[in-house]
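First chain A sits with chain B, and in the next complex the same chain sits with chain C.
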Partner chain A sequence: MDMANQARIKEIAEKYGSENVVVVLGGAEAESAGLTAETVIAGDPTYAGPLTNIALKLPVYHILELKELVDPQVYEDQISMMEMVLEVDEIVAEMSNIRDELMKD
Partner chain B sequence: MAAVRAVHYINQFFGQIGGEEKADIKPFKQDGPVGPGTALQKALGSEIEIVGTIICGDTYFNENIDTASQEVMDLMAGYQPQMVIAGPAFNAGRYGMACGAVCAAAAERFSIPVITGMYEENPGADLYRKQVYVVKTGNSAAKMRDAISAMSKLALKLARGEELGTPAEEGYLDKGIRVNIVFEERGSARAVEMLLKKLKGEPYQSEYPMPSFSRVTPRPPIKDLKHAKIALVTSGGIVPKGNPDRIEASSASHFGRYDITGIEDLTEDIFQTAHGGYDPVYANQDADRVLPIDVLRQLEKEGVIGSLHNVYYATVGNGTSVANAQKYAHAIGLELAQENIDGIILTST
Partner chain C sequence: MTIDKSFFAGKKICILGDRDGIPGPAIAECMKTIGGEIVFTSTECFV
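And then the complex of A and B:
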């Protein structure tokens, strides 16, 4: 996750409180989505950005996991095309692995 | 036993100072671990203490290698180091060069164990692997956790003065050192065993690995340049403004093909570079500096060459693996072969 976005997330979490923030990702690959999720839960795994050693423990989901919460027409217009070409199962599995591993305790 | 005093070297990016825009900062010190050093410290436990961190911009270091090394050494000396750890640099070329140079200089000045971590294809790895322990890492910071674990294991062994196993066992790049080992089987028996495996098509491990060189057979010269059709291919990232194919600034996952029919000159309102590994200002001002369409159009007019192919190919060479580069080259070559091209000019950065 790039430096500017890390700084933005940090600022938003500080302003509104971690319990009032949910992060929704749109990354196209399981690995990068997983790394982003790790960053907003446990801190920057590359130890380079503003979230280094800062565990915000923010709840984080990929938009593909939230299909049922989104207006079907909006989802159809904005996401359905990408849903066809992306490795949906892989992304969803990676997201839940990261959450299971890092969100506990 | 008191902890071994280690000093950690990192660049401006991992020192959380900034990216390319801060790459020209001079070295400075900060007490205790910083950035990846905090992860290293966790893995090193109480046996090795990172007493200080030296942070330096990659551009500054590489443009002033001798003075920068000296400045870094002087800063390190203040910490009375018993070990120096640099990086990991993954596949960042200039960072890798700096890590290698810092470790080599520290080994010479302080006569202490030094260790860094890099991706095998990092130019710094090739240059310094013989002088320095270079732990093998993945090619990007996404592999930080594995790199920290491998580097700390080796650092602890070195600090304890334990005997190291082979480079493959310890996870560092071989230093070209030969060591006598006593085998139970004599050489001839081992050789026959290897030969039998080879004949059966089974995997076997040579005891004397040969370096692998990539060789490209030169093409025959172009006999008649006046009638030759010339194509341009670049790894310098020149793309139409806006980078329509979204070629990545580093570790490109694809290449693009762009029509230049009727274009005489690459101007800044229609072309730019997508490359993230060099200062883009001058290429953005005038992309012909990387992809000389203007000069080739001129040569075309003067009749020096027959014609310039109306499509050029571009990718970004920055951090792109050799294997991927070969794949793109093959694909581009196949396309150009169908266009009856007589010659290709490759431009880099």
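And then the complex of A and C:
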């Protein structure tokens, strides 16, 4: 997750409070989505960015996980093309694993 | 996954899209139909 985005997320969480912030991802691969999720929950695993050692514990979801909640026509227009080429099951499983592992207190 | 629209009500939404996956603006269009207030939208490039 790039440094500028880490800084923005940190700033937003500090401004509004972590309990009021939700992060939604669009990562192409399970691994990259998982790393981003890990960063906003438990801190930067590469120890390079502004979120190093800062566990914001932000709820984080991939947009593919929220399909049932999105207006079907909008989902069709915006997401369905990419949904066909992405490894949806892998991404959803990774997001779920990361949350289960890191969101528990 | 047990999550519904009410979870997002009143929340500040940060969107981290991916140039090779789902871009930020596409996620934003979807989130507008779910709820919450979008406070940040970005599209990362992991290459």
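Throughout what follows, the second predicted complex is superposed on the first by the 105 of 105 C-alpha atoms of A that agree within 3 Å, B and C clash if a C-alpha of one lies under 4 Å from a C-alpha of the other, contacts with A are read in each partner's own complex, and residues count from 1 in each chain.
In this text, a residue touches a chain if its C-beta (ideal position, glycine included) is under 8 Å from a C-beta of that chain, and two chains touch if they have at least 3 such contacts.
The structure presented is a predicted model; accordingly, all values stated were derived computationally and were not measured.
Peer 1: Looking at A:3, would you say it contacts chain B, chain C, both, or neither? Reply first, second, both or neither.
Peer 2: The answer is first: A:3 touches chain B but not chain C.
Peer 1: Per the overlay, which chain contacts more chain A residues, chain B or chain C?
Peer 2: C
Peer 1: Once chain A of both complexes is superposed, is A:53 in touch with chain B (first), chain C (second), both, or neither?
Peer 2: After superposition on chain A, A:53 lies in contact with chain B alone.
Peer 1: First (chain B), second (chain C), both or neither: which does A:26 touch?
Peer 2: Second partner only, chain C.
Peer 1: Between chain B (first) and chain C (second), which does A:74 come into contact with in this model arrangement: first, second, both, or neither?
Peer 2: Only chain C; A:74 stays clear of chain B.
Peer 1: By the touch definition at the top of the document, which applies to A:45: first (chain B), second (chain C), both, or neither?
Peer 2: It touches chain B, and chain C stays clear.
Peer 1: Which residues of chain C touch chain A once you look at their complex with the stated criterion?
Peer 2: That would be residues 1, 3-5, 7-8, 10-18, 20-24, 26-27, 29-34, 36, 39-40, 42-44, 46 of chain C.
Peer 1: Spell out the residues on chain A that touch chain B in their complex, using ranges where they run on.
Peer 2: Residues in contact with chain B: 3, 31, 35, 45-50, 52-53.
Peer 1: Using the touch rule from the top, collect the residues of chain A that touch chain C in their complex.
Peer 2: Contact set of chain A toward chain C: 1-2, 5, 8-9, 12, 16, 20-29, 32-33, 36, 58-59, 61, 63-66, 69-71, 74-75, 77-79, 82, 86, 96.
Peer 1: Spell out the part of chain B that touches chain A in their complex, as residue ranges.
Peer 2: Per the touch definition, chain B meets chain A at residues 13-14, 16, 18-19, 35-39, 141-142, 144-145.
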